[in-house]
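The two complexes that follow have subunit A in common; it is paired with subunit B in the first and with subunit C in the second.
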Partner chain A sequence: MTLKGASLGAMLASGEGEGGMHMPTLDELYPAPFWKIGDWFEFNRLDMIRVIAIAAVLLLLYLGARRTALVPGRGQSTFELAMGFVHKQICEAAMSPQMARRYLPFIATIFFTVLGLNITGVLPGFNVSSNALVAVPLIFAVCAWVAFVAQGIKSHGLGHYLAENLFPKGAPKVMYILLTPIEFLSTFILRPVTLTVRLMANMIAGHFLLTAFFVMTSYLMIEGGGLLKGLGLVTGAVSFIFVLFEIFIACLQAFIFAILTSVYIGLAAEEH
Partner chain B sequence: MWLAEGAPEGISLFLPPLDELVQSIIYIGIVAVVVWKYAVPRYLKTLDERAYVIEGGIKRSQEAEEEIARVRAGLEGEKEAARMEAAKVREEARADANAIVAEAKSKASEEARRIQESAQRQITSERQSAEVALRKDVGALATQLAEKIVGESLKDQDLSSRVIDRFLNELEAETAAGKRA
Partner chain C sequence: MIDLLADVNGNLNAIGYGLAAIGPGIGVGILVGKTQEATARQPELSGKLMGTMFIGAGLAEALALLGLVAGFLFT
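== the complex of A and B ==
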């Protein structure tokens, strides 16, 4: 399992044998810390980006929720639009209206935090999302797991909930030898794992994609001659398109994480 | 550029270091508290208030519509009643008019008959008084005539007696004819 080896950019760079073009590698996501407390606490560039993103999310939440007028202003409208999106399109899409209200704080925390951390991947100066590191995706995936299991036990009782998920009704008894391990794996193991890996891998890939194009463009424009400069224009244009694409991906991944969590909770609560 | 520290290999890529885990939990916790205690309650409060106001508005407008419908139905009924009332009044007026005309007619013919009768009576009485007066005058004239006749030809006894008789007979006949007429 070497994601490092999969770095196309590194291979390209070595293949061209010029050494002037540093294609991104996973190492960049683990920069040296510039602040240390004792042996265990380190603070590096990505930690700083995470803090800034979190502060921005908190500030925007405060600015948006500061006023609660019946006829909203611009800031309040934007906030209500975003919160309404989480409420109606994510929570109520998967749960009953009462449950949607109850779980809205949880799902909104996931959506806004993930979105805020993702979007630094396309912000000039940051150019990397701290969700490319495992910590935040993993914490949210564990929270989602706890939430849907707790909801399932609350709605059906522990035994009934496990029975429903591990022994699907209507299958012949013999099939349970096959079905039960698959169901256990897919429901209780793969759900949090896929939540984590999907978000993290998307952010890593986005970072590589953008960085590769930026590096290529600058290399071709500065060091390339003649036709290669023209090629640099093309990669520049493509990198602009990929920036837009990554903005979309940042929003999409936040949406997917939130709606999957919401769907898992909704499914756990459902009567069979 | 930041110096790379080196990426973890293999599965440890998916195991966060403790410091990162602690930081992330703290940040997520802060965001969660702000969302849970501040942002979402304020959002839901506004949403509910707005829904309440809109529902109130819809209810009020429905009530107003019902009120209008009710008033309109009432007006329709009153209009119908007024139309019937008018028709009744017209009918009565027509009947009254007919009665008044008939009464006037009968009164007029009565009056006419009365006037005719009194005229008849007056004519009759005048004629009677005229007859009486005439009879008186006839007497006087007869006396005068008699005196003249007596004065002139009293010598002839037989003649004067014949004349008087004839005169009286004629007078008698005349009177009878006048009475018959």
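== the complex of A and C ==
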């Protein structure tokens, strides 16, 4: 395929052919399973990445937490720093100190697992985060939903908790026709949905962003001529910056998922 | 002009996602700007302000990402 005189737009449009540019599609997130048992059980590349990431998280936490000494070594102090971050910055930022202690294991589980699963999106060799599929974010969102509803019922009793959330005080009685459905949607439906979609869509977008830049760079460098090779250099540099950005996003999304869960739990327990 | 328009191909979803990104873009801009202002006024609170800023950014950003998912869903 010669590119003399061809504009970048035409190049992008003709990318379907042999040796052209293969832009990423959603199908990439559903690779063919390489291990199948019956109709129900499949095991594909993303499941494999998920299992490896969970094993790595478990191993790291085990190495950090075994043989805890009064004077911590290097591994243990890193672990304590991370745990202290979850405790101070995430749990205590949204809950009372006693509740923060009680919910620390739950929130820390969410934080470290989501972080471990997110970070595979930038690790060379994996290159895709299994959080780009809806399953794991949905599981965590459901756990968060159960946790904050249970905390609300425990703190206020079922009737009182529902009344507080569905019939906000101080509004005129007529307004409840409008307010109650909105409050119900925003508290009990949209919270877990946005938790799920935020994490999943961030990982999908990150994967496509990185893949698009890598594909474009290699295509421009190999098949482009003259000026387009220069453009390839630019996209290569930008893709490096986006890798750093995606590492930041992976940490930020784990942080946001954990802190929103603790904010919801804290709100449910709050006295009115 | 008509020839040019005939050459334009692709998917309207891309435009839809661009539109969906405007609102959250403005939102995140205001959010970060206000946090900067507040930090300039009270530098000792910067840690707390950063934390709440990230929560707000997560909420605003979710809207843009809903647009992205909608673009994939309604093809």
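What we mean here is this: the second predicted complex is superposed on the first by the 253 of 272 C-alpha atoms of A that agree within 3 Å, B and C clash if a C-alpha of one lies under 4 Å from a C-alpha of the other, contacts with A are read in each partner's own complex, and residues count from 1 in each chain.
Simple rule for what comes next: a contact is a pair of C-beta atoms (placed from the backbone, for glycine too) under 8 Å apart; a residue touches a chain by one contact, two chains touch by 3 or more.
Keep in mind that what you see is a predicted model, and the values were worked out from it rather than measured.
*Asks:* Which holds for A:Ala65: it touches subunit B only (first), subunit C only (second), both, or neither?
*Replies:* The first partner, subunit B, only.
*Asks:* Go through the superposed model and pick first if A:Pro105 touches only subunit B, second if only subunit C, both, or neither.
*Replies:* After superposing on A, A:Pro105 lies in contact with subunit B but is clear of subunit C.
*Asks:* Is A:Thr194 in contact with subunit B, with subunit C, with both, or with neither (first, second, both, neither)?
*Replies:* The second partner, subunit C, only.
*Asks:* With both structures superposed, pick whichever of subunit B and subunit C touches the larger number of subunit A residues.
*Replies:* The partner making contact with more of subunit A's residues is B.
*Asks:* May I ask you to decide whether A:Leu138 touches subunit B, subunit C, both, or neither, giving the answer as first, second, both or neither?
*Replies:* first
*Asks:* Taking the superposition on A as described, I'd like to know which of subunit B and subunit C A:Leu267 touches: first, second, both or neither.
*Replies:* Touch partners of A:Leu267: none, neither subunit B nor subunit C.
*Asks:* Scan A:Leu26 for contacts with subunit B and subunit C and give back first, second, both or neither.
*Replies:* Once the two structures are laid over each other on A, A:Leu26 reaches both partners.
*Asks:* Tell me the contact category for A:Gln89 with respect to subunit B and subunit C: first, second, both or neither.
*Replies:* Second partner only, subunit C.
*Asks:* So, A:Leu166: does it touch subunit B (first), subunit C (second), both, or neither?
*Replies:* In the superposition, A:Leu166 contacts neither subunit B nor subunit C.
*Asks:* Across the two complexes, find the residues of subunit A that touch subunit B and also touch subunit C.
*Replies:* 26, 197, 200
*Asks:* Touching residues of subunit B toward subunit A in the complex: what are they?
*Replies:* 2-11, 13-25, 27-28, 30-32, 34-36, 38-40, 42-47, 49-50, 53
*Asks:* Of all residues in subunit A, which touch subunit B in the complex?
*Replies:* 1-4, 25-34, 40-45, 47, 50-51, 54, 57-58, 61-62, 64-65, 68-70, 72, 76, 79-80, 83-84, 87, 101, 104-106, 108-109, 112-113, 133-136, 138-140, 196-197, 200
*Asks:* Please give the residue numbers of subunit A that touch subunit C in the complex, ascending.
*Replies:* 13, 26, 89, 93, 194, 197-198, 200-202, 204-205, 252-253, 255-256, 259-260, 263
*Asks:* Enumerate the contact residues on subunit C facing subunit A in the complex.
*Replies:* Spelled out, the residues of subunit C in touch with subunit A are 9, 51, 54-55, 58-59, 61-62, 65-66, 68-69, 72.
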